[in-house]
Amino acid sequence: MAFTAADPDFESRVHASFARQGIMRLLGASITRVEPGAVDIDLPFRADLTQQHGYFHAGVTSTIADSAGGYAAYTLFPATSSVLTVEFKVNLVAPADGERLIARGRVKKHGRTLTICELEVAAVKDGRERACAYGLQTLIRLDAVADGPPG
Amino acid sequence: MAFTAADPDFESRVHASFARQGIMRLLGASITRVEPGAVDIDLPFRADLTQQHGYFHAGVTSTIADSAGGYAAYTLFPATSSVLTVEFKVNLVAPADGERLIARGRVKKHGRTLTICELEVAAVKDGRERACAYGLQTLIRLDAVADGPPG
Amino acid sequence: MAFTAADPDFESRVHASFARQGIMRLLGASITRVEPGAVDIDLPFRADLTQQHGYFHAGVTSTIADSAGGYAAYTLFPATSSVLTVEFKVNLVAPADGERLIARGRVKKHGRTLTICELEVAAVKDGRERACAYGLQTLIRLDAVADGPPG
Amino acid sequence: MAFTAADPDFESRVHASFARQGIMRLLGASITRVEPGAVDIDLPFRADLTQQHGYFHAGVTSTIADSAGGYAAYTLFPATSSVLTVEFKVNLVAPADGERLIARGRVKKHGRTLTICELEVAAVKDGRERACAYGLQTLIRLDAVADGPPG
């Protein structure tokens, strides 16, 4: 699927919003791809991102997947809007075991109010990628609310 | 629904496993209720847990919901087993805006292999609770894998 | 949760819309409860509603759950609007084995655009109810589209 | 993804099981593709398959999607096993408006106990396909239960 961004400044707008997500800094995540309808987020392993077996926690996997999908949708939104996650679902199909995770959000359907994204997270181990999560996500576009803190 | 724990030491087993989740310490989450089929997790607000509008990030909300449900299931498992999340789905029904979050995991169906939990997260603002997320989660019991890091 | 219906004629409006759903007649489903934010649908067993083991098919279970949730939301909508399912998720927690199914849709969060419902389906066997499915559903309110066939 | 079927008779096994699903006959659905990890189901429009606006009901869309995914998984199972849906989630991204639906189930991850499928349903209108639903599904393999009615 090929999408066109309505806002020519979509890339800097996405980077600016990502920089406002305190949790991304805390986790150590960075945004590595921003194209119309497609965003990737990269997250190196750290011992403080783990569940009880020492792998990335499913919630951490979901957090970067959620942001990847949210910003994939946001690339297609007008400059004055903002984006919120309505819901998402993830299947954790393999242990998130690796030196880093790559989360990929891809728009499947872009509507005026709602946008649907496909989410995929791969664990990179010894340089080899292996899918560890698949998801589907629903985003809503808010036209009356600018991106950034309220007030 | 009333459940009985097969393992009399379920409570200390859940606390020990929770203590192994590096991400819970990083976020500042604590486990505040451990009963057969029911676990609550508490998370105070911090600026480094936020999304772009300054509220708790949906992924953070989901992370504590996922652990609450996983441990709710784990209370009912035998001592020598471990638990993994197969999948979960969350609806973010209101901004996670408050001085803290409370995630509640409740077992709805306990099977030999699969257990299903209901998830609910409330934001506490000025001392008043308001639901901000509802979820459903599928967990699997692993009998051949002990809880804790591999090896 | 107690809801108030904005439209005093919500009950007849729901019944009229249900009567337009061709699939409900084909399956033999009837609507047995219509209250603000709550709708129940009843479906007697027939051999042509089954999956390969002779129980109700998961899709049939989901069909009446989807309509129960959709109409539970619709009770709270204005008279001139219509309702569409954005997405739903169901966990099939036990075989849908019984002489009939009861699907219950309950509104958990009612918003201006989106409404979230909890779904539950029970199989009634020898007069005893047993939950066979749990679900979560997102509905959207369409203000510019009247209920009924287009044109 | 390319899969190999362990059972050389997977195709006739899938057709035989599909023929036992009473609901498929009632709806008028037929199975049009059976390959390792991939099954398609076709459903011509009828007025008795509709929701209130005259399109295919979301539950009907979900029913054929669920069977397509279930049988996609079942192609990879041993001859003596059977398959059950654990859960699924669908996003209805456009009205299911057309002269027929095509549901495609594709295995994304095949495990010993659990298999994960991607679901897609397209509506064919004036000969042109348009996606109307995307889904994710979890299936479980039952080794102690043969396909077919109990007893």
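Order of writing sets the labels: A, B, C and D. Residues in every chain begin at 1.
What we mean here is this: a residue touches a chain if its C-beta (ideal position, glycine included) is under 8 Å from a C-beta of that chain, and two chains touch if they have at least 3 such contacts.
This structure is a prediction, so every number in the text was calculated from the model and none was measured.
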If you tally the C-beta contacts, which comes out ahead, B-D or A-D? A-D
At the largest C-alpha centroid distance from chain B we find chain D
Can you work out the whole-Å distance between the CA centroids of chain A and chain B? 22
Between the Cα centroids of chain A and chain D the separation in whole angstrom comes to 29
Can you check how far apart chain B and chain D are, centre to centre, with Cα atoms defining each centre and the answer in Å? 32
Check each residue of chain C and list the ones that touch at least two other chains. 86-87, 89, 91, 136, 138
The answer for chain C against chain A in the complex is residues 86-87, 89, 113-114, 136, 138, 140
In the complex, chain C residues that touch chain B: 89, 91, 93-94, 108-109, 111, 116, 118, 131, 134-136, 138
So in the complex, which bits of chain D are touching chain C? 17-18, 20-23, 25-26, 46-54, 57-60, 62-67, 82, 84-92, 145, 147-150
